[in-house]
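The structures considered in this document are given below.
Presented sequentially are two complexes of chain A, the first with chain B as partner and the second with chain C.
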Partner chain A sequence: MTRQKRSHHKLKRAVAPYLYLSPSLLIIGLLMLLPMVTVIAYSFQNSAVLRRDPSFAGLKHYQAIFDDPVFWASLWHTLYFTCMSVIFHMTIGMAFALMLNSDRINPTLRNILRVLYILPWLFTAVIIAVIWRLLLEPNGVVNSILLQLGIIGSKVEWFSSPETALHAVTFANIWAGYPLFMVSLLAGLQGIPKDFYEAADIDGAKAYQKLIFITIPQLMPIIISISLLDFIWTMQVFPLIWITTGGGPIYSTEVLSTYTYKLAFSSYNLSQASASAVVILLISLGLTLFYIRYQKAR
Partner chain B sequence: MTFRIKPAMLKIAAAAWLLGATAAMADTTLEFTQWWEPELPAGSLRKIMDDFEAANPGIKVTLVSGPYATTRDQISVGAATGTLSDVVGLDGAWVNNLNAQGALADMNPMMDASKFDKAQVADIIKVDGKAVMFPVASFVYPVFVNLDLAAQAGVTKLPSTRAEFLEAAKKMTHADKNQYGWVLPLSLQTPSGVQNDMMSWVWASGQSMMADGKPALEGKPVVDMLTFVKSLNDAGTISPGIATKTEQEKVEEFVNDRVGMMIDSLAHVNLIRKRNPKLNFDLIPVPVVEGYTGKRGLPYASWGIGISAASKHQEEAWKLVQYLMSEKVNAKLVSLANAFPGNVNAKPDFVTSDKAFGKAFEIFKTGYLANEFTGLPVAEDLMTQFDVQAQKMLAGEQSPEQAAAAAQKGWMAKF
Partner chain C sequence: MAEVVLENICKTYGNNFRAIDQLNLSVEDGEFLILVGPSGCGKSTALRMIAGLEDITSGSLRIGGTDVVDMPPKDRDIAMVFQSYALYPHMTVFENIAFSMRLAGKPKAERKKRVDEIAKTLQLTSLLDSKPANLSGGQRQRVAMGRAMVREPAAFLMDEPLSNLDAKLRVQMRAEITSLQKQLGVTTIYVTHDQTEAMTMGDRVAVLKGGVLQQVDTPKRLYESPVNAFVAGFIGSPSMNLFEATLTGDELVAGAFTIRLQDAAFVRRPGLRSYAGRKVVFGIRPEHLYDSGLESGRKYQTIPAKVTSIEELGSEHIVHLNIDAVRVDSGDPDAVQDFGLTSNAVAKFEPDSAVRSGSEIRLALDDSKLHFFDPETHLAI
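Right, the complex of A and B next:
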């Protein structure tokens, strides 16, 4: 009896944590795993969603998207858009964070700049897209200023020209995303002990040496974490590109998200769209695993 | 006391149950999914349904309403899962896919059984010989001309041929003042510019982009149209930003006196007046090729209607379709929507009270409705493919012939 009681108690103890976890496991299963598994299943079916009895397609849809030159162009555009965005988010974010952390700037001005610099972060992607469409339209403010300064000789169709469109959407995304870096790095800067800089001053270190040998190494964990997260988020940007260029002109701003959207809702090829979505999922998953390993290592 | 009331209560309850059960058995509830209700004055579509219910005792209608894009997705999923509403609002661009899924009922037997007068409807959309959709209300696309800009440019006679249009566009263009003759929206976000602003030139001259049910984009009509659009672009008459311009921006430019001419939906007349009450504009049919004197095809978008193949109440659903297509009801509906009727005998009230609509109605009556994308497979995808090739042509990367050939290749893969 005592033995039975003991084993019953043991079982209860073993099951209890899972019972506590069960609500969140259920929610994760329903809201995350189920849609993910469904999309993966669709990518192996012919006429997924559109037919009640879809047949098994094997890797046909993956083959089809890998044979499509627009897919590879989209992948390249996604990488360019993401890498440039992350690099400039970090550079601008760092510059502004250093500026806002500096004692040489008047505190009132610093507070005003703090509000101004954070503004892009407050706008939704749709508002940002509309703002930049208006600013960069052929008869917009940017062309007008550049013409008056003599920097350009004629109006540039920033979003409508295949030569400039990808750079223009990347620029708009850089503008929208740097505040995340700025705020995170500013918090990091304020956490660096003053003693380090005082010791460096005694040693006669110059400003750039303090930046390279104290500030950046101290901020490195933040820089890597935020960069990885930004890479994952930027890879999935859709509304900004969709509203500014729709993936055009021609295919010059087609990224994986717009490519997948068009397959699903323009071509109604939900099987191929699912295959493309799975490719995006795998890339994101790889980056996420890298991020988790980095966090664990810390 | 209790003893006396009990049987009375039982009797009342039994009677109520009987009444309810009889009503439940007699009433058929039709589900009608569409995007029209949010676009009509509040409560007006419900009122039409109430009138239908009063005229057809035993049939109730539940409206399932949402924005256009949501309705499109809902109908696609409903068709796949067999849960499509009994009656569905349709866009011509969807019917081929829905028919391929076996989701739409053939209305031919229903028309025959009820001796429906087919001559009274403006069009019957058929796929594989099956009558799957009626356009209930049509929104035609004439050319809007800014009369003040035309007068300032010395355009005294409004263009009726392509050559005249090119001349007028050249005269109205003053790039230094941000003023252009024409506006062409070819955004890939909404590629409907291909249908409304490009192919409309082909249909206006009684020509076609198809031959024997297959794409014929390499034929003279489409290549000539592309050459004409290229000539407008080469002459610098098209407002810049073509590749990312949307229909909304096109209308904004016209409203703000920045373009002299645009092809646009008649549904925007009130919006244009609201945005710029001083704008002096007129409507003309889309100009034709030199020497063409036949009937002009008039591009249009429509609110179509069809019946679900899975509906258990097809007889009642057909009654609702007939009701909406009948002369008086159709006139009432299109008057509310500022659209042209699906019943040829219906006359909306705004055509007599409003000069611009009156003129457009004349254009409508002397021409015929033309939209060859209606009933084509993945119509939006076809427009996107054509759009990309047109953009390449306008960017100077290929000739009109090459653009037509590339689009033809892409389209054939979809057929």
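Right, the complex of A and C next:
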């Protein structure tokens, strides 16, 4: 092979992978990178989108957001909503996974439970929102049961009272999201060698010791990965809150996504909305980097 | 330390499959007993029943004089080494070995002292802070041993602990476990499907087949006096050659050849005379077949054979042969594959044997080493 031929061959080998990747790179660039860059650009412009020749605004819109108490309330609600959701998704998912994995439960019952527990996953956010709006209505099923049990004294307006609304939407989101954890942890549980438990039995481990010393450490990689992903996704939840409370009453369930949406499509302040979106992007990005680093470290 | 006694132990599964049938075994204090048999013979099940990981359907099991049938594993005063070692990957070697002490709430200082002692015995001291993933197969095996030793149990139960190691390491670990067992003097029950391990490690060997105990004896006696064709075929490598023949007077007539039997053969087996004129199964180990062209083979009578293939191992030649006789299956499910379509016998020749593949030879056999079995029951005559 001549030198020229060889270098041509080398070049072909070097370029080939990029050629294969180019269609997907193009699509990602057009559909994800371009909008993202545009939004970032908007956040530094006055009257973005609305005017043909918007002027440079510097950090003005960021300043405006950080001065807005509603933004801080939204940020706090987002954190509460997200943290509670992730914690309960994990604990409920873990409890159900342990139950479904146990061989003490009758196999038929286990199969029925498996289907029942996974049901919330089958519904779209809109359906879940509608179901819980109906259930938690002042004259709805939940109130009537709680009244009959004597747990509450009078009908509670779960979604319409500022004291309960945030808890109610968080509750609905917890209900909607635990199956991901359950399914992932169940798969993880089934991957733990039986020998580990038998060795522990011989060593005299009690059930809770097996959970602490074997099950949880073995599931840790899954727990951390899914928690991080759940955190990133839950932070961005929009439809569930929008349909149940719309961020109200009196901003009590306002989260960053609804706050941004309102800025953009109620106030038509697209520049400020872009700035808010960039803030969400930065928080998500931080978590994502953390997730990627964790995945690499494994 | 204690003796382990199994009396009429049975294990029946839900579908009426009987995994263990009337198992009677008595393992003396400090004895190294090997449970051996082909895959699916119930040896692991038997061990797991002793450990308490499987329920005992019926029968009694005593460890150190105490009936443990209804006791949970932790109260049986046993320690088990698993085939997979079952080391916890998230714990260090120290934590793995100390695990049972930690569960028992032993103080840290005591745990450290004990683990250090064991690590020293097993040469693991420099590895105490490593995780199992960073250890070699042999080191993991030793950690598993350490985890069993830390409990100072009355009996060790080992479930094929060497099967995950490569051949060379297995030989080394075989010797290590044997000497460790002698040093500790703890009653040990060791399960394996590898008859070499069985022959080299144990004080006594119990051979199981289909959940039924065939023979318990010293390795030497198992090799020399197998009670049936199965044990004869299972013990020894390559397996004993078993063929059908008719006993006519003092001669075995099989196909186109006859083997003259000496009086001693009948003196040793008074029952053999009653097979006169009938079929018998005779067996001869590969190491008792010789190349008639060599000095070692000159003194024996010969039969015709065709060489089908030769495995030259340096120290010996494994020669696959075809002889004109009907081969008898010993009943070892793992051994069925041993014989190809063209060969029905195996011999071990000295390395200076000049036989070539495809040649017709005279095969010398040491008739004093023949074994005889009933053709119906396969029991030794």
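As a convention for this text, the second predicted complex is superposed on the first by the 289 of 298 C-alpha atoms of A that agree within 3 Å, B and C clash if a C-alpha of one lies under 4 Å from a C-alpha of the other, contacts with A are read in each partner's own complex, and residues count from 1 in each chain.
One rule holds for everything that comes next: contacts are C-beta pairs under 8 Å (C-beta built on N, C-alpha and C of every residue); 3 or more make two chains touch, one makes a residue touch a chain.
Note that this is a predicted model, so its numbers are computed, not measured.
Engineer: Kindly say whether there is room for both chain B and chain C on chain A in the superposition, answering fit or clash.
Structural biologist: Aligned on chain A, chain C fits beside chain B.
Engineer: Between chain B (first) and chain C (second), which, if any, makes contact with A:Gln218: first, second, both or neither?
Structural biologist: After superposing on A, A:Gln218 lies in contact with chain C but is clear of chain B.
Engineer: Once the two complexes are overlaid, how big is the angle at chain A between chain B and chain C (Cα centres, nearest 10°)?
Structural biologist: 150
Engineer: Taking the superposition on A as described, I'd like to know which of chain B and chain C A:Gly204 touches: first, second, both or neither.
Structural biologist: second
Engineer: Could you tell me if A:Ala297 is touching chain B, chain C, both of them or neither one (first, second, both, neither)?
Structural biologist: A:Ala297 contacts neither chain B nor chain C.
Engineer: Decide which partner touches more residues of chain A, taking chain B and chain C as the two options.
Structural biologist: Of chain B and chain C, B contacts more residues of chain A.
Engineer: By the touch definition at the top of the document, which applies to A:Ile243: first (chain B), second (chain C), both, or neither?
Structural biologist: Touch status of A:Ile243: first partner only.
Engineer: Once chain A of both complexes is superposed, is A:Asp195 in touch with chain B (first), chain C (second), both, or neither?
Structural biologist: A:Asp195 contacts chain C only, not chain B.
Engineer: Is A:Glu137 touching the first partner chain B, the second partner chain C, both, or neither of them?
Structural biologist: The first partner, chain B, only.
Engineer: Rounded to the nearest angstrom, what is the minimum C-alpha distance from chain B to chain C in the superposition?
Structural biologist: 50
Engineer: Please identify the positions on chain A that touch both chain B and chain C, taking each partner from its own complex.
Structural biologist: After superposing on chain A, no chain A residue contacts both chain B and chain C.
Engineer: Where on chain B does chain A make contact in their complex?
Structural biologist: 73, 76-77, 79-82, 97, 101, 178, 186-191, 240-245, 258, 378, 380-381, 384, 387-388, 391-392, 395, 397
Engineer: Quick one: which bits of chain A touch chain C in the complex? Just the residue numbers, please.
Structural biologist: Residues in contact with chain C: 193, 195-196, 198-206, 209, 213-214, 217-218, 220.
Engineer: Flag every residue of chain A that touches chain B in the complex, lowest number first.
Structural biologist: Of all residues in chain A, those touching chain B are 49-52, 133, 137-139, 155, 157, 159-162, 165, 242-251, 262, 265-268.
Engineer: Can you list the residues on chain C that touch chain A in the complex?
Structural biologist: My answer: residues 51-53, 72-74, 78-80, 82-84, 86, 88-91, 99-100, 103-104, 147, 151.
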